[in-house]
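By written order: A, B, C, D, E and F. Residues from 1 in each chain.
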Amino acid sequence: MSLFRTIVPRPMLTLLLWVVWLLLNNTIAFGHVLLGLFLAIAIPRLTYYFWDPQADVKRPLLMVKFIAVLVFDIIIANIEVARRILGPSKELRPAFFEYPLAITGDFPITILASTISLTPGTVSAQLSADRSRLLVHGLHVDDVASAIEQIRQRYEAPLQEIFGC
Amino acid sequence: MLNWIITFAFALLCLALILNLWRLVIGPDASDRILALDTMYINSIALLLLYGVWQDTSLFFEAALLIAMLGFVSTIAVCKYLLRGDIIE
Amino acid sequence: MSEILQVIVGVFILIGAVFALIGSIGLIRLPDFFTRLHGPTKATTLGIGAMLIASTVHFTNQSGSLSVHELLITLFLFITAPITAHMLAKTALHNHLDVMKPTQGQETLKRNRDS
Amino acid sequence: MEALYAFCVGLLTASGVFLVLRSRTFPVVVGLTLLAYAVNLFLFASGRLTVAGVPVVGQSATYADPLPQALVLTAIVIGFAMTAFVVILALRARADLGSDHVDGREEQSNGELN
Amino acid sequence: MKLLLIALLPWLGALVPLFSERFGRTTCAWLTTIGPALALVLTLVMLPSVFAGELVQVRYEWVPQLGLSLAFRLDGLALLFAILILGIGLLIILYARYYLHEKDSMGRFYSMLMLFMGAMLGIVLSDNLIQLWMFWELTSVSSFLLISFWWQRSSSRKGARMALTVTGAGGLALLAGLLLIGEMVGSYDLSVVLESGNLLREHEWYSTALVLVLLGAFTKSAQFPFHFWLPHAMAAPTPVSAYLHSATMVKAGIFLLARFFPVLSGTELWVILVSGAGLCTLLLGAYFALFKHDLKSLLAYSTISHLGLIVLLFGLSTQLAAIAAVFHIINHATFKASLFMAVGIVDHETGTRDMRKIHGMFKYMPYTAVLAMVAALAMAGVPLLNGFLSKEMFFAETLAQDLFGAFSWVIPVLATVAAIFSVAYSFRFIHDVFFNGEPVDLPKSPHEPPRYMRVPIEVLVAICLAVGIFPGLAVYDILRAASSSVLGTEVPEFSLAIWHGFNLPLLMSAVALLGGLAVYASRAKLFRFQARFREPDANLIVEREIQRFVRACQRLTQGLENGSLQRYLGLLFLATLLMMGSVLIDLVPLAGSREMLPLDGVAITAAVLLAVSTLLTVLWHNQRLIALLMLSVVGLIVSIIFARFSAPDLAMTQLAVEIVTIILLILALFFLPQEMPRESTQARVLRDIVLAVLSGTMIGGVCYALMTRPLTSIADYFLAESKPGGGGTNVVNVILVDFRGFDTMGEITVLGIAALGIYKLLMHARLHLPTRDANGRAWAKDKHPPLLATVAQSLLPLALLVSVFIFLRGHNLPGGGFIAGLVTSVAIILQYLSHGVEWIKDRLKLNYQTMIACGLLIATLTGMGSWLFGRPFLTSWFDYLNWPLVGEFEIASAIAFDLGVYLTVVGATVLILANLGKFSTPFRDAVPDQVVDRPSTNRKEAR
Amino acid sequence: MQHGVILPILIPLIAGILLMLPVMHKSVWRQRCGSLIASASVLMMSIWLLMQASTGDVTIYALGDWQPPYGIILVLDRLSALMLLLTSLLGFAAILYACHSDDTTGSFFHVLMQFQLMGINGAFLTGDLFNLFVFFEILLIASYALVIHGGGKQKTRANVHYVILNLVGSSLFLFALGILYGTLGTLNMADMAAKVAGVPVEDQALVEAGGLLLLVVFGLKAAAFPLYFWLPRTYSAAVAPVAALFAIMTKVGIYSILRVFTLIFGEEAGELKDLAVVWLWPAAVVTIMAGAVGVVAAQGMRTQVAYLVVVSVGTLLGGIALNSETGTAALLYYLIHSTLVSAGLFLLVDLIARQRGQAGDRIVGTHPLAQPVLLGILFFLGAIAIIGMPPFSGFIGKALLLKATPGVTDKLWLWPPLLLSSLLVLIALSRTGTTVFWRVSKGATKADSAEPGKVVATLLLLSAAPLLAIFGGPIAEYTTATAEQLHSPGELIRQILPGASATGGLRP
C-alpha cells in the first residue's frame, strides 16, 4: 500500500488524468492507454509539491452522484436564469447573504463555492478570511433562509460526506 | 437543413458577440468590461466549435480547448490587478 | 439514421446558440453588475455544453468512432467559470460598485466590502 | 472577403502607427502590438486566403499555403519576445528617468517638442 | 634603387632621434644627421646623370586599383628641390641643436622634422599623382605637429590648427584635381601625365581640374586669399619656420606649379588665376611686412610676398619667366632660411622678437649681424647678391609680358612698387635690429651665439654671395636641369650675368632701392597711417568663425535630432510612405485577376468587432486598462481570423501569446504612472492621423492587391514532401521543425536572449510601487484568494497533460512544442498569480535560466546530430517502430528539436514574467501603506 | 570541414548557451575564458573561410539537407567571408577589452556578446530573406540588452529610442517579406533574383514597393538619413566594447542593401534593376553632411566617434549608389577601414576618458592623462585614418571611392560631400585632439594607466589603419574580386539553383 502511495500519491488525480488523456486522444488504443497511465503517474509526482495537503475524496461513488445532481441543477439553473434574463428586470429580487460554512478545508470549500456559482442564480462572491462565511449573491432570492438551507442540503452535506470533513 | 440551422446559429452567436462588444464599450465599470471580455472568449469557443461542425473538421478543437483552459487567466490577472495592483507578489 | 443524428445535432446547436445569446442578452439587460454576473457564467456554460454535445454527435457520426474529447472543454469551463465569477465579484466588492435598489442584504454587502 | 480583410489590415496598421506616435510608453507598446497584428495578418495573407484548407496532409482537398503560416508563427514568437523586452524597458525607463515619456522627460508646459 | 633609398632615408631617420635622445643632445643631433646626409650624398652622386638629361625612375605597384604606386623620379626639378630640402634640412638640424631649450624634447623635435623632411622629399620625388598627394598631405600633418611643438601655448595650438585646416582644405581640392587629371589622362603616372599637355588643356574638365590644383597650390604656398595662416604658423620654433615656412613646405605649392607647368600652363585661365594671385600676394605681403614689429612676422609676410613673386612668374607662362621663377626659388630659400635662423639667434639671445625693443644688436653680436645684413640685402635685391639676379630677371619678365594689352605696363609698375616695399622692410630689419640706438627692456643680455649655431647661416650666406657673384658657376647647371623639367622642352638660352648693361630692369631695381630707402625714411608717417586701420588678427577671426561654425553645427544637429522619438518615428513613416508611394502609384488596377472569396455575416461581424475594438483601443489609449481590454478583443479576433482561414496552429499560438502578453502588460501597468498625461497638441494629432491613415491605406491597398493576384509559390513542395521527407502531416509544423528549422532555432534564441535582457533590465531596477489604485483606494488586503489558489493548483496537472498532448501531436496535427510550451508557461504563471513568488520558490526548484540553456542546447545538439551521418546541420531523421501491443509509432529527431523549443519557451516566458513579479515584491512589503509614490532612486546596475 | 560554413554561427551560439549555465555564469574567470576561446576560434574559422572564399568559389550549405529554393541555405562568397572576418576580429577585440572590467558591471555580458556575434554572422551568411530577418532579430535583441549594460540613465534613455525604432523597423521588414513572398512566391534570395525579371508588368509595382521597403528597413539599421537619429545617443551611451562591436551593426544594414540590391534587384532583374539608386544618392549625401556636422557639433568624444560612424555610413551609401563594380570595390575597402578604425576609436576614447576623471569624454581641457604619449599617438593615428588623410587606410578608401565615381553627375553628387566632410572632420578632430591632449592643466595625472589587455585590444583594431594601407594592393584586389562576384549575380544564381535559368523562368 505504501509503495502504491509512493508511486501514486493521489489516486483520484491519477485516474482523472488518465481518463483525460484518453479523452484528449479520443482513443483507447493500447499505446495510448499505456502512455496515458505513464503520464497520469508522472505528472502528479512532478506537481506533487504544488498541492498543499488537501482533503482527498473519501467516497468516490457519492462523488459521482453529486456530479449527476450538479449537472441536472445546472441545466435547471440555466433555464431559470434564462427566464429571469428575458423577463422584466423590475421583478428581480437580488440578494446578498452570508452562507455560514460548515465544511472545512480549502479544496472542499472551493468545490462548494464553485458549485454555488454554477447552480441556480447564485454566485460566490467572497470568502471570509477565517473561511467561516461565504458571501453569496443571488439573482432572485425570495427567501434568504431557504436559499441557505437548500445549499446546505443539496451541496454542502454531500460534499462533507465525500471529503469526510 | 443542418446548414440552415448552422447559419442561423452563426447569426445568433454573432449577435451575442456584438452584444458583448456593446457591454465592453459602454462599461460602465472595469468589472463590466472584464465580464464582457470573458463572455466573448466563451462565445468564441462556441463559434469555433460550430465552425468545426460546419467545416467537418475537428482541427479547431484544440484551439477551443485552449480558450477554455487559458482564456480565464487573463481575466483573473485583470481582476487581481484591480484588487492588488501587483499581480505577482 | 444519419438524418436523425443530423436533427439531434441541429437541435443541440440551436440550444447552444440560443443560450449563448441569452447569456449575452443578460449581460446587456440586467441592471447592475452583480446581476449581470449571472448571465454569462451560467447561460454560456450550458450554451457551450449543448454545442459540445452537437459536436460529439456530429463527429462520432462522421468518423464512426466515439468522439468524446469535447467533454474536456466542459470540464475546463466548469472549473474556470466559477472562479472567474468569484474574482469578478471580489473586484466589484472592492470597487464599491452600486447595486440595484431592491437588492436585499445591503448591510451584509457593506460588511463584506473590502475596506 | 479580400477587401474586408485588407480593410482590417489597413485599420490595424493605421491604429498601430497612430499609437506608436504617442508620447508615452504605454500607448506606444499597445501601438506596437497592434502593428504586430497587422504585420502578422499581412504576412499571412501573402499566401492568399483559403477556407477549409488546413495544411495537414490528408485532411482536405486543397491546402492553404503553409509557408506564410510558419513564417507568421515565427513572427509571433519573435514579436512576443520583443514586446516583452520593450515593456520591461518602459518600466526601467520610468524607474530610471522618473517619467514614462518616450524621451525620458516631462513635456514642456507649452506642449511637446516637435 | 638609390632613389628609393633617398626617399626612404628620412623616414628611417625619424626613428633615430627617438632612440638616440638618451645619449645626449649633441649625439642625438649628429646621429640624426646621418640619414639626410646619406640621402644628400646619394642625390649628389646622381647629379651628373641628371645634368646629362637622364631621368632616374623607380616604381613598385602599391594599390593598382587606385592607380597608386610607389614611384619616384629624379629629374632636374626634383633634384633641385631634393638638394634644397636635404641641404637646408641638415643645416636646420645643426641649428636646432643649439636653438632648442634644455626642456624641449629633442628626440620628438627631430623625429617630427625628419617626418616632414621625408614627406617633402616624397612630394618632389613623386612619380605618381596619388603618391604625390599622399606626401603632400603628410607635409600638412607633420607641419601641424611641428607648429604645435610648444603645445602648451594656446597660440601654437591655434596656429597649428589653422595651418592644418587651410592646407588640409587645399589638399582635398588638390586630390580632386589630381584625380580629375588622372582620369583625363587615363593614368596616374606623372611621366604619362607630363606627356599629355595638349590632351589636358583641351579637355572639358581642364578648368575644373586647374582650379582645384591651384587651390591646393595656393593654400600651401600662402597665396592671396589663403595667405593668412602663414604668419600664425610662426608660433613654431624658429628652426621650423626657417625650414618649413621659407625653404620647403610653402614651396610645395610652388613646386606643384612648376611640376604641372608643362601640362597646365599657357592657357588664359592659368595666366589670369596664377599671375593674378601672385601679383596680389606679392603686393600684399610686401606692404604688410613693413608694418610688422615682430621679427618673424616681418619675415613671414616677406615670404608671402616672395612666394607671390614666384607664382606671378609662373603665371606669366613664358619660358624665361619660368626659369626666373626656379631661380628665385633657390635664392629665396637660401636668404630667407638664413634670415630666419638669424632672427632665431636674436630671439634666442634677447628673449624677444619685438623690433621696438631690439636695437643696436650690431654691438652685441657683430658677426651674426653681418651675416643677417648680407642675407637681408639679398632679400632687398641688392647687387652682388643672389636676390638681385632673380629680381632683375623678374623685372625683365614683367616688362616682356603682354597680357593686358594697353594696360600691360601696370604689372611692371606694381612689381616695382612691391620691390620698393621689399627694400623698405629689409632696411627696416637691418636698421631697427642692428642699429637704431640701444635695446629697450630686454629680458636677457644678448651676446654672440654658440659657434655652431652660426655655421648654418654662414653656409647659406656664402651661397647667397657665391650665387650673387658667380652665378654661372654656382647655379647655371642645376638651374638649367631644373628648368628643363619645368618647361618640359629644350631650355632656351638664358644668361646669368650680373651685368646686362643699363636697361629698364636695372632702372627698376634702382628705383626700388631708392624708393625703398625713401619709404623707410618716411616710415613714421606710414606707420601712423597704417595704425588707423585696426589690423585683423587672423587667429582670432578664424577661431571666432570656427566657434560660430561649431555653434551653428550644434544648432543644426539639435534642430535635426531634438531627442524626440516621435519625430524620428514620424520621419521613418514618412520615408516609408514616400518611397513606397512613389512606386505604388503605378499599381493600376489595384485588384488582380484571382477569384475572391464570398463575403459572409460572420466575417462582417468579426470585422466590426475588430474595427470597433481597434478604434477604441486608439481612442481610449489613455485609459490604460480599458485600452488593454480592447486590445485583448483585437487579439482574440485575430486568432479567430487565423482559424477561419485554415491556420489552427496560428490561432492557437496567437491565443496563447495573447494571454501571456496581456498578463505582461497588466504586470507593467502597475509600475507605470496612473495619472493621465496631457494630450498632444492638435496639430500633432492631426499630423499623426494623416501619417496613420496614409500608412493604413497603403498597407491595406498592397494587401488587397496581393490577395487578389494569383501566386505560384514553393509551397507545393512542402505539401508534397511533408510526409515522405519530414515524417509529419502537419505541414506547418514540419516547416517549423524541419524545412525551416533554422528559423525556429533563431526564434527560440531570440526568446532566450530576450529573457536574459529582461533579467538584466530588472536587476536592481527601483520600480515605482503605487500604494493606491487609480481611484485612490487602498489595495485589497487579500493577497491570494484561497478559492483561486485551489483552482490554480488543480489546473496545473491538467494543463501539463494538455501540454504533453499538444506537444506530441504537433508533428501531425495542429500543435507542437511552442504552443505546448506556452500552455505550460501560462499554467505556471497562474501559480504565480494565485500563490505568489515565495510559495513557488519553496516548491519549484527550477532554474529558468538553466532551462533556457538546456532547451537551446537540445535544439542545437539535435541539429548537430546529423553531422554524425555526414549530413548538414539540422537534417532530420525519423522512423516508424512497431512494438507488440503498442503498435506502430513514429520517432523523429524533430521531436527532440521540438523539445528544445518547448523548454526554451517555458524557461523564457516564466523567467520574464516571474522576474517582473519577483523584483517588486520585496520592496512592496517594506513600503508602509501611507507612503505615496516614492520618487525613483536610481541605482546603477553595477554592483 | 564540410560544416565549416555554419561554425561562425554555431560556435557563438553554443558558447552563449554554455556561458548561460549557472556553473559557468557564476565565475567571472570561466566567463572570460570561455568567451575569449570562442571568439578566438571563430576568428580562426573566419580566416579559414576567407581563404576558402578568396578562390572565388561559392560555398552553399543547405540546412537540413533541403536544397534551395525550398530549404534555408547559407552562402559563403567573398563578401560574406569578408564580413565574417571583420565581425570576428571586432568581436575578439571587444571581448578582450571588456575582460578587464566592463564585463562585470552587469550580468550576462559575455553571453549576450556571443549571441550578438551569432546574429551578425548569421545575417552575413544566410541566403534566405526570412532567415535574414530572424538573424536581424537575434542581433537586435542582443544589442538591446547590451546597450543597457552597465546601467545608468543615459543608456536607458537611448535604449528606449533604439528599441522602439527598431521594433517598427522589424514590422516594416515583415511587411516587405510579405510583399515579396506574395509576389515572387519564394524566400531564397537567389530564387527571388531568378524570378524578379519574370514578374508580370501589373505586379512590378508591388515588387518594387517590397524592395523599397527593404531599403527603408536596411537604411534604418545602417543609420542613413533620415533614419540615423537613434545612433549618436545609442552608441555614445553604450559601454566601449559594446559600442566598438556596434561599429559592425550599421554595416549589417549596408551589407543587406548591397546583397539585396545586387542580387535580387541586380543585373539580372530586368526592368526592376537599379531600384534603389534614385533614393540612395540623396540619402548618402545628406547622411554624410549631417554626420560631419554632428562631428563638428559634438561636445563629447564618444558622440563624436558615433557621428563619425554616421559619416562612414553615408560614404558607404554613396558607394552603393555608384552601382558599379569599381564603386562596390571601393566601398568595400572603405567599409573594412571605417569599421575597424571607428571601433578602435570607441575603445580608445574610453581609454582616454578613463584617465580624465570628471571630465570624462567631454572635449574640454583638464588635468593630463596618465599615458599621454601612447594614447596621443593612437588618437593621432586613428584621427588621420578616419579623416581620410594619408598615409593610413582612410585616404586609400576615400580616394578609391572618389576615383570610382564615373561621370560628371555622379561626381557632382559624391565629390563635394566626401571632400567637404573630410574637411569638417579634420577641423573637428584637430580641435578635439589639441584640446584633450594639449590643453591640460599643470600638475600630475590622477589616473592609473590603462590595463595592457585593453591597450592590446585597441591596438589590434587601430593597427588596421596602417596595415590596410600597406597591404592596400592585395586588399583592394580582394574587394575588386568581391565586387565582380556581386555584380554578376547570374553566376551566383546558377550556382545556388543549378536548374534555374537566370532570366526569370520558373522551375518545373
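Everything that follows uses one rule, which is that a residue touches a chain if its C-beta (ideal position, glycine included) is under 8 Å from a C-beta of that chain, and two chains touch if they have at least 3 such contacts.
According to UniProt, the chain labels map to these proteins: A = Na+/H+ antiporter subunit E; B = K+/H+ antiporter subunit F; C = Na+/H+ antiporter subunit G; D = Na+/H+ antiporter subunit C; E = Monovalent cation/H+ antiporter subunit A; F = Monovalent cation/H+ antiporter subunit D.
Everything numeric in this text was worked out from a predicted model, so none of it was measured.
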Touching both subunit A (Na+/H+ antiporter subunit E) and subunit D (Na+/H+ antiporter subunit C) (chains): E
Pair joined by the larger number of C-beta contacts - C-E, D-E: D-E
Chain whose Cα centroid lies nearest the overall Cα centroid: F
Per Cα centroids, the chain farthest from subunit E: A
Whole-Å gap between the CA centroids of subunit D (Na+/H+ antiporter subunit C) and subunit F: 28
Rounded Å distance between subunit B (K+/H+ antiporter subunit F) and subunit F, as computed from the means of their C-alpha atoms: 48
Chain centre separation (subunit C (Na+/H+ antiporter subunit G), subunit D (Na+/H+ antiporter subunit C); CA means) in Å: 32
Mean-CA-position distance for subunit C (Na+/H+ antiporter subunit G) and subunit B (K+/H+ antiporter subunit F) (Å): 11
Multi-chain contact residues (two or more partners), subunit B (K+/H+ antiporter subunit F): 10, 17, 30, 34, 59, 65, 69, 71, 76, 80, 82-83
Junction residues of subunit D (Na+/H+ antiporter subunit C) - those touching two or more other chains: 20, 25, 38, 40, 42, 45-48, 52, 54, 56, 59, 67, 71, 74, 78, 81-82, 85, 89-90, 92, 96-97, 102-103
Residues of subunit E touching at least two other chains: 563, 565, 567, 569, 628, 644, 648, 669, 699, 703, 706-707, 711, 713-715, 718, 739-740, 743, 747, 750, 753-754, 757, 761, 780, 782, 785, 787-788, 791, 795, 798, 802, 813-814, 916, 938
Touch relationships between chains, expressed as pairs: A-C, A-E, B-C, B-D, B-E, C-E, D-E, D-F, E-F
Subunit C (Na+/H+ antiporter subunit G)-touching residues of subunit A (Na+/H+ antiporter subunit E), taken from the complex the two chains share: 20, 23-27, 74-75, 77-78, 81-82, 84-86, 89, 92-98, 113-118, 121, 123-126, 128, 135, 137, 139, 141, 144
Interfacial residue positions of subunit B (K+/H+ antiporter subunit F) with respect to subunit D (Na+/H+ antiporter subunit C) in the complex: 55, 57, 59
Touching residues on subunit C (Na+/H+ antiporter subunit G), where the partner in the complex is subunit E: 76, 79-80, 83, 86-87, 90, 94-95, 114-115
Of subunit B (K+/H+ antiporter subunit F), residues touching subunit C (Na+/H+ antiporter subunit G) in the complex: 1-2, 5-6, 8-10, 12-13, 15-17, 19-20, 22-23, 29-32, 34-36, 38-39, 42-43, 45-46, 49-50, 52-53, 56, 58, 61, 64-65, 68-69, 71-72, 75-76, 79-80, 82-83
Subunit D (Na+/H+ antiporter subunit C)-facing residues of subunit F, complex: 130, 134, 137, 141, 144-145, 148, 152-153, 156-157, 159-161, 163-164, 167-168, 170-171, 174-175, 177-179, 181-182, 187
